[in-house]
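Presented sequentially are two complexes of chain A, the first with chain B as partner and the second with chain C.
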Partner chain A sequence: MSKEKGSDDITDGQGAYGSGEREDKKKGGLASFTISYDDLDAVVLGVPVREEMKENVSLHENEHESVTLTDGVDSEKCISHLFFLPKGGYPADMMMDFATDDDFHPALPFFQRVDSADIIYEQKKKRCKIIAGRYAMGDLLGEGSYGKVKECLDCETLCRRAVKILKKKKIRRIPNGEQNVQREIRLLKRLSHPNVIGLFDLQYDDTKKKTYMIMEYCVGGLQELIESTEKKKLPVWQAHGYFCQLLRGIEYLHGQGVVHKDIKPGNLLLSTEGVLKISDFGVAELIDPLAPDDTLTMSQGTPAFQPPEIASGQDTFSGFKVDIWACGVTLYNLITGIYPFEGDNIYRLYENIVSREMLMPTDLEPSLQNLLQGMLEKEPSKRFTLYQIQRHDWVKKHFPMTSECVPIPAMNGDTCRSMTVIPYLHNLHFGSDDDEDVEYVTEHDLEVMRGRRKGSGDFGNHSGIHSKSSKEKHKKDKAMIRKRNLSFCKPS
Partner chain B sequence: MPTFGEMTEVCFGEDTYSVVEALNECCEGMGIVVAGQHEPSFKSVAIKRYNLEEMSADVLTSVQRELCLMRQLQHSNISTFRSAFVIGPELWVIFSYMDYGSAADLLQTYFNDGLPESAISIIMKSVLSALEYLHKKQIIHRGVRGSHILLSSQGKVVLSGLGYALPMSSAVCYEFSPRINSNLKWLAPEILMQNLLGYDERSDLYSVGVTACELANGVPPFHDLPKTLMLLEKLEGVGPRLLDATTLPPPDGQTQDSGVGDSETTSPPNNMQFMAHLQAMHSRCFSSHFHRFVDQCVARDSEMRKSASQLLLHPFFRHSIKSPKEQTLAELLQPALPHFVNQRAQLPRPGNGSGKHTLDGVHEWSDWNF
Partner chain C sequence: MPLFGRSQKSPSEVVKALKEALSALERGDKKVEKAQEDVTKNLGVMKSMLFGSSEAEPQNDILVATLSQELYSSNLLLLLIQNLHRIEFESKKDAAQIFNNVLRRQIGTRTPTVEHICSRPEILFTLMHGYEQQEIALNCGTMLRECCRYEALCKIILYSDDFYNFFKYVEVSTFDIASDAFSTFKELLTRHKMLSADFLENNYERVFSHYQGLLNSENYVTRRQSLKLLGELLLDRHNFSVMTRYISNPENLKLMMNMLKEKSKNIQFEAFHVFKVFVANPNKPKPILDILLRNQDKLVEFLSKFHTDRSEDEQFNDEKAYLIKQIKELKPPPQDLKLEATH
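Moving on to the complex of A and B:
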């Protein structure tokens, strides 16, 4: 599928948490060392990979002295891919290459089988970090270009929250980074609506140069939901429900004079209750209350969701109509699983958006086709207004639940998305200081655990989680281990 | 917060209410509760007063929701208001006066070591009937605790705190907001978990168990614990329990035994009051029915809990009916005395001028669609 290949970077901008694909390769995270088995001299090469399951695990050698992958950069995240090289190995200089070069000799590794029980991980202790004396940190939820998003617990109210950790160093490197962050904070502070993500608190750490944004906790996003399904789309009734909530959120935002400019499934999150939350106001803009209309000049949104007036490079455009277009693309995407306009690269994509007729799937009901046609109207002045959309037949129609609801996919095998702060709190209240209770886990154990989780996939039946989807999720997990960051494994 | 004494007499239609004395704060300091009198009938009333101008929109909606909900309820064990109106900048809600105050008040003033078991049995039975009614109406109360149980010398027991109640729109609820903060100690683990499994009306039964322990022990379980530790204990299934000779270690043993109670351990053992408290708990023994009742309420897994209707049939309540002397609640609560509203002795009676407010009720009602 050409779409798969090309559109990855186009559809995946700097998402809020929940989406972001991590691109940065940390060279500092690479490490290699030799371990001896009976008849095998092996080099273990560590490549930092984000793989949630083993997130808090570091590599440990079987019996003798322990070798832990620490690289100073981000050791928590550093887990390894293991490559066992044949006895005799490769010349030393090649080994050096191994450890330092990202894309090294394509001919190099032959993989040798190692019993999974022989790969041992040391369970990293979940030491509880509390920021501002109030928020106990939990596991990582996602990572965007601005920094990490972690789960946290407000120790005073016991409310689950998400904390967006912004590192000054990182933000500086992004064009308009600091400006965007400031704007997002300013905007979120003044917004309050059930369908807009809430910002509850702001904390600064001057020594670490970090800003913490304490936000509403969301269990996932529409992007995750789509990706968890086989055909990458949602049943119409479910998409309709989310779309109506999106409209309510947009109505509020536009009423407040805020243009979001980056509406897409990846920025639409879901609370535990299933309420849609518009998030990521990094490129949003507040229209000057004294301005005559909603004319804007700057756009930094995600390419696949940009309207023709931006794709064609116009200097000024109507802000509200930009959001309408993006809502149209979002609805199209939720229901069909594809994008109305695609392209192998951004130029081709923009060309298509500007001049190509939209591909309208014929199996959609006429009123929906009409709605999409109206929202994805190339001429902004002819494009539907929010008012027209809200009164559109398809929007007003009631959709009964005709098929099973696509549930929020499991995270690390946990279908009910339990609080991840608990183990940290446990360590805080009951943990001992000495290393006696270090736990060791073998790769084999992990494998068994994964299998078991897979087996208990339909635990939590109430929300209609069918084991099928969790099975798929599981397959995906595995695939990720193999795929990520291993540029040299690709058949070139 | 409205200031006491600003308005001493208010006419609402035919009814005149006079304010007699300040009782309490309510709604986290957003309102005050005053005792007053319904002039035509000379009956004592409790008046909740909110200043609408100072209230945030959030609190206003929650008060509005509470009143709407109460309007739809009619049960002898649920606190409902007699009348509500807006007067000047204030909202007045008129309730029947409950002269013993709340169960938590009783614990604080008369029963530091806890109420007698038979009194608890009578109180919890009323609470359970109230819950049975609410649950039948698909409402989760979420605020069952000692301070929301009001008692009168006529033996009436009502459940208040409906501001926390949540009508169930589906079989599972997920709502959790900081508003519920003051009830955390009483809340069931599944509410605190805030995950995709959600919770339902059975979570109220957990709170019933915690409240029963509160009434019996004199302090709510998890009393001195940091909230995060309380959360861990609840999630790990360390339920609250009754403290008596059967659950406490022998008095000569270490008082700081960590296995004991959920709350007592953090207090310094050299505290005389604490020792006396402990002594009192050692010398008593609750019935096994009571112990079993609590255990059934605070089961970690909500599937294992019995419904309010089922619990009403529990031997714990049958036991109390068969008690040798049929004692009234007032008798059981001796030496506690009901707090009668003083017939406006302290307040200077203002003339018909400054203090008296009259209003055309119809007009004000329209803004509040009760």
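Moving on to the complex of A and C:
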């Protein structure tokens, strides 16, 4: 923090630069790099070396002109991740800090506050990247602990796909990470059902240590759908439709001897046609086809969706009944917007799952209450079987579309979720490489644009959008330099 | 609806008119052409009531309900199917669409058409016999598969003697009919897992003796498809007890070993997936163990060279390696265990 303070002092009193000057600075070889921010790239032009700075700086003669930004296109996409390496060196006090460190790097960056007026943005260049000579990459769809998921186009079949990019470095850091990835791949290879996410291809990049899983393209998950609504729940008819599809998927999985063990709205994705796809088989387990029953011993699922037999720590339990319970919690959650059991921490939560009676919302119709009661029966042997659920009145009932359908939330303002690979392809075939015709946008312009976007409200009445823009706003208020990107400074 | 003019007929009028026209067709009067025309016309009217047309929305629920009620009470569905081969080509498709639409009708948890058909199972049997008539086979197929969606109807079909006709239908010489019949056959055996598991268990002997015929068929497609389906059925956990029964019969093992040696690579591959279960079974009955032991060396050698070009398929290679290891390690049971096994 003190460093930040120090750099504050340095930049104090420095004015904004005109755009012409900026151009010069760039040519002059000052540090410049881009970071993506929303749909723009920030071009940060070098920070001029100031007299007062030089005084503070130790006399290192190496000139570091280029800046390496470790996570240039981090998902955070936030301009608060700017790092600068001043031409000339680093302040002495910083040197002291790191001088004893084994990991000392001569190009140690120096952090400096940048006035927002110094930042300009350019339209992000959609440089087309094609992996394995076959898949043209599009925009980011989501990000998990294992890596990113991007949209892509299969250039051979012209099918729209999603690619899960697994970074070996990241996976290693997760407990059981590599094992779970292997398990997921092995399982997905053998599964094929309309309600189970399809894996089409696997590609490895040995130099980048990345694995690419080419999967079915999904526009979002039930979790996003719930979160986009005001009351965090779906109309009963819509939840019923998804639930029936979930049952079909589970029936198939259980028939194949696969216990998913992590059924929850976040793992139920939707295709462009609105077909539910069960995904994330990282903790799933395959029961030996010749094993007489479905007894399992290990569970790594999501706590709020765990049944009492796991919450109480039993050594062995019926695998299929675990999925039934999780389906029950999922249905409960989709319809009521809350969880049947909650707790401040995992111990409380488990205690409640094991011993607390479930709170049944009284406004649900009796047959639905009966179904939930049966699925969330604490005693596994008394809990409904899949067959009982499928034959249950509420499941068999026909629900007409009585209210508006909760649509799939927009992504980056696009409610149609049109294919994001196209701009990249356009750039590949019609784009020019020279930067001269690039238009720059200043921070001020951005502010204006953002204000306009918010004011007009033409981006739909989507609460999702609003919350997003407010999030951006929030980010902007934070300090310009964040400590979290210092991870490379830590001794390994 | 320019073709049919005013479509303001009431549902009961349409049903009555259609019934008369169908009866006339059935009797084979001199005015066959006129009757055919009437059938076409009235089916068209009925279809637009249910589906709407380019100019009109589908009719309201009350009208559809009355129409369905009339269909049930006049027993028109059966009459329609019985005379399906007599009506015009395009109208056959209309009839199938009307049938499927009415079948899907649901009021709350009730499906009235399903109930109606349950009370008149002749409808289902007539549909199945449709596979014997080339000109209506495919239409009947679409209707049958729609029926398969409902457990109650599926049950009637499975437990009927006519079900065993499917073993003939899937082998008829007309390829499209045979494939259609096979997809219906597969649907019947896989759509409702618990139902078909019970069915297979209760009718094990009869079904599998027929099934043997498919596996030994002269027809390559039949052999391959039925072998694939067999693998799917046996490896579905719902059919666990059927599988254990199947893999304890030495005749089945012999058949699979012969299929491993078939000329067709695809059949070899499908056979592998059934064969592996025999080997992986931890409680192999003595006759099975005997066969495997007798062929121990040959099997190891055979499997080592089996589909070596599938290097991409990790799962297959793992399984193959596992099988080779298992077979290598096979030992005749000690004397005392043998006694226990025969006991």
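A few notes on this one:
Please note the rule applied: the second predicted complex is superposed on the first by the 322 of 492 C-alpha atoms of A that agree within 3 Å, B and C clash if a C-alpha of one lies under 4 Å from a C-alpha of the other, contacts with A are read in each partner's own complex, and residues count from 1 in each chain.
Keep this in mind: a contact is a pair of C-beta atoms (placed from the backbone, for glycine too) under 8 Å apart; a residue touches a chain by one contact, two chains touch by 3 or more.
Just so we're clear, the structure is a prediction, and the values are computed from it rather than from any experiment.
Once the two complexes are laid over each other on the shared chain, residue contacts for A:Gln203 go to neither chain B nor chain C.
In the superposed pair of complexes, A:His254 makes contact with chain C only, with no contact to chain B. Of the two partner chains, chain C is the only one touched by A:Lys397; chain B is not. By the touch criterion defined above, A:His426 reaches chain B but does not reach chain C.
Look at A:Pro289: by the touch rule set out above, it reaches chain C but stays clear of chain B.
Taking chain B and chain C in turn and counting the residues of chain A each one touches, the greater count comes from B.
Within the superposed three-chain model, A:Lys189 lies in touch with chain C and out of touch with chain B [touch as defined at top]. Once the two complexes are laid over each other on the shared chain, residue contacts for A:Asn370 go to neither chain B nor chain C. Of the two partner chains placed by the overlay, only chain C lies in contact with A:Tyr387; chain B stays clear of it.
Interface of chain C with chain A (complex): residues 106-109, 151, 193-194, 235-238, 240, 243, 277, 280-282, 314-315. Within the complex, the chain A residues that touch chain C are 186, 189-190, 251, 254-257, 287, 289-290, 292, 294, 387, 391, 393, 396-398. Only residues 171-172, 174-178, 181, 184, 192-198, 226-229, 231-232, 235 of chain B touch chain A when the two sit together in their complex.
By the touch rule above, chain A contacts chain B in their complex via residues 136, 153-160, 217, 219, 271-274, 407-408, 415-419, 422, 425-426, 428-430, 460, 462-463.
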